[in-house]
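Encoded as structure tokens, the structure appears first; notes follow it.
Chain lettering (A, B, C, D, E and F) follows the sequence in which the chains are written, and residue indices restart at 1 in each chain.
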């Protein structure tokens, strides 16, 4: 059961209680602090260690595949930022538990507890098999580049169902590459600064109505594969860019190997992965 | 009959004579001064009191529903900025006179006097029944949110006819919310500063060819429901934004009432209006 | 007040009472008989003489511009086939009364009496300024070819409003040329046989949900400017064709006058009309 | 392990060996006989009883969730018609096993055994939350109407991945309502006759290249929500229609309850379902 | 100089004089007879032997690359069916003369002699590098599959220019495979019967306005890569089909070589060609 | 034969050798210096005098219509910037040699020497017959405004073929008006500063994959007819604008001659040109 902080004091923050799943991951750690500005209480959850709770925080360790645990985790929250699950390619049996059963558990819990807004960490890998010479928007067809991408595509479909059927709004963030800095030439295109990531979550939580929205999580980089014009209602305006890092990956003559899928498709090296066998299941 | 100023002196201003209808309204008052820079003579008209005439001005009080008056009003002008008519919801019989018969009278007069350009104050309420989670452009289908919006839709259709049939060009300005400052949270999306309004009229008057154009009148606000890319030939680049006023309408958790039409549709409270009976017709 | 027939007997017909406006016009006369198969009671209305009432009929002479008369006319009906109004170009003041005020009166009456379905006789002249080398569908932009066409465009916008705001469903029939037989070469493209017209009304009345639909009223002619694929849910399948009449208008070498608007635009001779002054208003 | 028939004789049939999953279901039983005309050997599989094997058949009972069983099942086949899995709404844990893990197992087996073509029984319920007043094609966005529909959406995404990554072609059949005869009014729109179903599978198996195709499985019914023009390369031309059954579901005045989701959305009663708890898991 | 027939007699045929280029080719021979029904005089031209002139015919042997000859050839004609030029892949220097200089010569001659309609034999090879799993319409982007296809793309661009600049109308026929009968499996998709070819030319000549139109020349074959809905104004309704020939090319299991471009792209074997050196230039 | 510089020294520049055709033209002179930063060796070619070779340069005078010369010119280069050919309207026989045979020669040479990237100077005149009230993107249909524009359309089609067939990537730059400064009012819309031109070539050379791309070459001018959103993957961000020059072409009331094609179409005065006879061929 979630460890509620005892807070009876009056509050001027917009949300009473927000839930952050995947709080111990790369992006969860970035966001955890920011949520304090938006909610009186922040419930943080992960299957990994969560560290110390800040005064406004409730620690809620949980396995997303555990339905009962997830149901309890969601109780009493106003909105959810769902970063939890597996965020790289993995054996499909693992992906089923974390990203398929886990996401289902989360939405079922939201339905039972009347939570009306979810910010869902989807991924650019939902559309990673589009060529790098296309510019996509929210209506691009799903072409996942990996089993991981397939499970994120599933999450988007599932959340669409919960919106159409039960009115639970979701913003699907097709996150590019969110790190401290771009790590390679591809990330000059896909870079999402931590600051812009936080801003995008803020817009997704506070926009008055979002319906079922899809938006690419990307900074204002010079080159882009993605166009967010159709999500203009969110008010997301990136402030950062990969441009300052361009010199680290100096321009070269284009790779002559035109048949290299990792160069041809937006998913980059993901498109070369293969389904993995789970070891010692 | 219009009170012509006597001007035989040479002039370097681009237009000889511009007509401004609705000159005494909120936006008319803003624009009245600016027109002096673009035309030697500015004829100003309204059904309400017009105040004192500046030296370059011709006062032309008129009821738009009075065909003869409108015919005279339009004589000798080079272009028209048509802000006149009723700009809020009203009994339909009134809307007919001001916005339907009145707009017809204006275009007929333009045809008779060979006026070739009209800037027509349409309204975002022509498309106000689109959801707030859509981003519209000039080709969005008409979904008026009120009888007022229906009459503006009529004006757009009528002006299309006068362009296709008689070559009279029109720019339809689907004006958002043009006030000194945004007055509520919705206007953070729909705000059009007075400065941007004047700039949009300037672009609409001076663009060499406009055909029959539709453009949303909106500043460069953070969140937007409208995309003017298809009107790029007008050269309108908003300089203002609602961002400085955002703090006045602090973010709150999204309204939980998902069934509230005033929150779901772009028209806001307009979508809740009902046809009014005219009192004592 | 409508002259209700006294019918207390049980019935197996789908509708209790249908209202047909414009019952004395060309198409109204065609439809009047067919309605008997679909409704126990058929109320027929026109400003012109209505002839004798059949046993199942209620005669309801009325001027559409007379709000009180229209309100009474609509009382107690289950659905409306609205063919009334002016169906050719006419002085705009006349069009205002019949097609603008009249249509408003009809929808207001429908709202007050909770009528939930209207079949509205719109016209191909709503899009008559599209070139004859285009194939249009329900989403084509309005380019009326006459003031008459502008008022039908108004009717489509108005009915959209009544659907979005009050849930009154409308099928807008953009009728081509519905006569006994095609009368000229243009009608080989625009011909709608009486049989197909009746079938289209039948589909529009009986489809379980129509929302706000737009469909071109045209038979299965060899050449076509219109594509009804987006209205496939109506189930309208034309059975007739202009082909048997083709020999009456034998093929000639194309008219060499490429500048003739009546040949260039779908509206044909309508595009040459000019606004008319009303005589002796 | 599959029970191979011993066939060393020469053959003129196009396929050496076809696999049919879900062979004991409603559609599997229809198709089972037809496959004999197209392949020397037909391997039939189901979790339910398979009955007697015909001389050309190999019986291969299997649970799709059993990876090893599925791997063996697929060995040696030239193409797969995958009708297996759960075809109605069900507890999500069951859907995971049959439709998610099971479909993954099937495609992994196809990859391992170099099978290059799958005909996948998807469902119209992938898009069932589109309104009945829309006409959809293969590019409509996924709006599943049930958890069942979500798992079919998953299958389409997964198969897209196996095509983009491994070149395994799939035709996704979004099957309407395939029964002996239409059973209710909705099926007058969604009816797919058994004959047309078999023809659609034939086209899907024999088209020289299909890439990753999506096609609605529907007969040539009078009213339609679906347009297969983009799948014209398959050569599917339905020969049957629901028209002969129309009289069984006589037309009525439209249901006045505009708020009934089962009437508003293509999925019909599916859209009213709710996630089920699995009993005694 | 053309050998005019001496015809002073009155005529009831729609055209006075038609010009047919490429009259000695495969399709020219089919069409030559049909033209007699549409014109009093038929001028036939080719670089190859033209045979005997029928009474209504004028023989006009000419090399399309010879500007003066082409200018004379076009004098006095009402419309042109331009089948001339090279219709297979060839050395580019040859294609320049026949298909680029030759087509320019033809349009310049049409301009000088005020000919207002050309029916231009373009080719499906203008779009032959689209995959066989796409269905194209007139707006598909040009992806020629050969240098031959590039020169037909040139002809379409050139004719667009002559329409926009000089008002000369052209129908570009993207002819599939027009032979007595389909010769291979690909032609089951691309077959255009001689009868349908003649009908398509008839529609193209007699439609009152065609602007600059693009239409695929194909019969009503079961499978199709092309959709002519946007050319519905031409009134072309194919009457033939490749279906009766299907049995000659019996269905086989799909070719397993997914990398074979001749199977992947609509152009078939054309896509394997390579630019040819001209021998003994 | 190209005059190779002897360079065996190690290099840090991205390209070994770049070829610039049209090096003596207006834009060639601008680019010539910039290429030194991107390549160890720069081969410069023109039919006109090339001036002195810089140390890193190889002078290669050549007539593009001379196949052998072009073949030699291309030997050993890594990429080509093809500005050569005729860049204004000219007699078609001249355009054939320079822009049709010449471009073919260039691509054939690239194929033979395995060059994998070409930056091709196309022109806005490929689409110059679109009206000035349209905003075009890379998918706009070709509507050339001159024979010159037709030959650039040819170049785009040809390069598409070499990409689809042989994998040679091309960026087609539809260059606006690239001069030191805008020279007239039209150029306030079409201006491409030299700096932005060089940046656009840089992006086109260094983007890792470009496939067959089309991008308008235009600075960030206030008014625009072109939208490059679909080429966002190139990373081109113009830094200049025509705005500083606007005062030189002061706004005037719109030209009243609505029938003037040079004002109606994007091509401006080009649309008034006529095919020229070559003098003394």
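Rule of thumb we're sticking to: contacts are C-beta pairs under 8 Å (C-beta built on N, C-alpha and C of every residue); 3 or more make two chains touch, one makes a residue touch a chain.
Just so you know, these numbers come straight off a predicted model, no measurement behind them.
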Point to revise | Interface numbering overlap (same over half, different under half) for subunit E and subunit F | key: same
Study note, to complete from the structure: Comparing C-E with B-C, the one with more C-beta contacts is B-C
Point to revise | Gap in Å, rounded to a whole number, between the CA centres of subunit D and subunit A | key: 32
**Study point:** Interchain centroid distance [CA atoms averaged], subunit A/subunit E, Å
**Key:** 54
Review point. How many Å are there between the centre of subunit D and the centre of subunit F, using C-alpha atoms for each centre?
Key: 51
Study note, to complete from the structure: Contacts with two or more other chains occur in subunit C at residues 229
Study note, to complete from the structure: Every chain pair meeting the touch definition is listed as A-B, A-D, A-F, B-C, B-F, C-D, C-E, D-E, E-F
Point to revise | Contacting residues of subunit C [partner subunit E, same complex] | key: 131-135, 185, 189, 222-225, 227, 229, 250-256, 258, 263-264
Check your understanding: Contact residues on subunit A for subunit B in the complex?
Key -> 14-16, 78-79, 116-117, 167, 169, 203, 205-211, 213, 229-235, 237
Exercise for review: Name, in rising order, each residue of subunit C that touches subunit B in their complex.
Suggested key: 92-93, 96, 100-101, 104, 108, 111, 129, 139, 141-147, 149-150, 153-154, 157-158, 160-161, 164-165, 271, 275
